């Protein structure tokens, strides 16, 4: 516990500052490691090597700075207000996700009792932003892209939510910190091994969550809205400069945030079983928690991007078929099975 | 040839989906094959058509290369001159003197017809390719510059087994 | 100012001399240019232009698609943005100069473009290239086929959304290009065929290196089969999409893998009477009964494997001898006309050469495979979804230089 009490406005400023720093850093780091470097090595090339000297670490930061100083172009026939506000709606939906992610027992911006519900609800605000972007661009390609995106994102909200309900049933709470503590105290066949992450018992839920997360992030194989070979970036076609940067940041920051939520729900979040003694206790996890969570985030992001680079994209109707005909029934069965097993055991 | 079956069984579906991921993850750990130009430069093959070198002493300004160029990018000017006689008391010889021999590399399409057609072996291919300019007018290489490329012309290659030994 | 809208009918020329008439002339000209769109009386649907600048089309091809939501009502390819006037150029060039230019028609399988033209000229002259030259011609022809289809397989991935195979394709195509460069001097534009044989013999060590190169290409075929073809998503995107029946394929004049994927067993290497060395090798002609996009892609993959095997066989049995027949220094092809076509990587490419005994031909007509392959597009793309347009175009496989010449 802290030795000095900080007034509420002080706390707000610290929390705001943390979020505003973590989001670009986390997003750009994910973008650099996975999108630039890992993709390059998987494709038998090197990725950025020059900017900053050592393996081009400065590439993403340089890109961000470049985008900030570009000319502000709004198409002549575009709906000015809708066009301008669309990227900010998408970005705000991403930023709000970071408020509930726990990086330690006390290192959480806002420890909501309905954390999981809040994060999933807030993640769906981006659909409005995408529709605004597509309509406000006054461009047929953008309109087609955003309509596809709207259909896809709404369809995959359901499996995302249903996959998580199994976890909630097992943990008995919607508070993210409680879920981590429930994984900490879960026993493996009656043996106390220091906690079992929910990926072991909710494997089906994990797979469904990852597929739905892939679709929520409009990554391949679900990247119809941004199908480069047909629609030339879809709903983002008319955006350039700072607005495009906002979309890009929204995408990578969402990847970071969704990976964090998946890590918290299925992999145990900031908790790692440490031997008893001096290495346990809340204070240790307040300091080491963010690093542990970062490692788990990187693992989940690795899975997301690995699938992205390996698969071709699905057609829109096939996409919807998978969501409605396969993922939702399977996740409902998963919920039923979890509920039955929870009551029985 | 047996036709490929559609993946209908679950095992084949999952096998197909994970097969692709195995390929990419294997590639992640393979050594990289990118040549980081300009820090690493791999030499092109000996016969690569990079630039044309002119051996001025062999050229007689016969204009064959200039006429056979598909792009008409070779500009030749010459005049007849008197050279001293070979023997004492003989007639002075008329020789062709080359005034101007320019190749415009902004037009040249590197086909090699000029090198092939030259009856006096005055033009040679060289694999040198790093001569890009900022000004497009600088891509017109004059006689002196074409003569400098002679240093980069490689030796004639040894031929493969079974090739005819007699070369024209 | 005289504006003739239809130059064939002199009576319809009309000379506007007032501003309104000038405006009317411009309006009519504009309407005539886009006649296909405006004459249609359909009121519903959104007209979308794919191209001419577009990542999906292999070059400057414009597709005017009328859409109803995500479904295509009609689709019209507009070709000609890359017309370079090859047939006109050939009228005022000599044979060696034309050989240089025609490399650039199908720029990926560049060696294969020269062969039918040179074969036609040799036929008119009555000259037979020596055995070694025919062998090496066939080796380089099949190698350019391998390089070409490797790029197709990589590009197929990109069109469908898989961004990884294309990098493997370019990396493995480099091996083929290095081999072609070692022998001919040019990676993309070899300019190696001459009337009567080839320009040069092979450099030392080329045969062993080419064998290694073919190993790598076979390994690439295996990789792409695992990465792309075995994938459920790829199969769902391509099976049953763009089905062409054998009768329709023959009606539209398709050729090459497009024809064989509809079940028609026709391969000019086996059925045509060409002077090159294919009849000395043992290779299979691969067909597929389905005729959909998957069949076309699969047939091309197997053809690449067969081409690697052909190259290996020919490298083993390369005869010794001269590389060039006895031809005069200045070549004048006697009068006559002939048509020679070969099984190029894209399909059947043929040259109808009319000579009147000069340094260059009188007229050359180029029959390119992609022009006919594209002609089936409007018929094929009725009622498909927008993503399927790209799948169908990717599987039909054309090169813009080949369509437009």
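Think of it as A, B and C in the order they're written, each chain with its own count starting at 1.
Quick note on the criterion: a residue touches a chain if its C-beta (ideal position, glycine included) is under 8 Å from a C-beta of that chain, and two chains touch if they have at least 3 such contacts.
Since we're looking at a predicted model, the values are computed, not measured.
Distance between Cα centroids is largest for the pairing of chain A with B. Counted by C-beta pairs in contact, the busier of A-B and A-C is A-C.
Averaging Cα coordinates per chain places chain B and chain C 26 Å apart. Centroids built from CA atoms put chain B at 53 Å from chain A.
Inter-chain spacing, taken between the CA centroids of chain A and chain C, is 45 Å. Those residues of chain B in touch with two or more other chains are numbered 17, 20, 23-24, 27, 33. For chain C, residues that reach two or more other chains under the stated contact definition are 164, 168, 171, 227-228, 231, 233.
Residue positions of chain A touching 2 or more other chains: 42-45, 309-311. Chain contact summary for the complex, chain C toward chain B: residues 93-94, 96-97, 100-101, 132, 164, 168, 171, 178, 181-186, 189, 191, 199-207, 223, 226-233, 235, 239, 284, 286, 288-289, 298, 302, 318-323.
Considering their complex, residues 17, 20-21, 23-25, 27-28, 30, 32-34, 36 of chain B touch chain A.
The residues of chain B lying in touch with chain C in their complex are 1, 3-4, 6-7, 13, 15-17, 19-20, 22-24, 27, 33, 44-49, 68, 70, 109-113, 116-117, 125, 157-164, 166.
Residue ranges of chain C in contact with chain A, taken from their complex: 46, 48, 50, 54-56, 70, 157-164, 167-168, 171, 227-228, 231, 233-234, 236-237, 385-390. Interface residues of chain A, counted against chain B in their complex, comprise 38, 41-46, 49, 306-307, 309-311.
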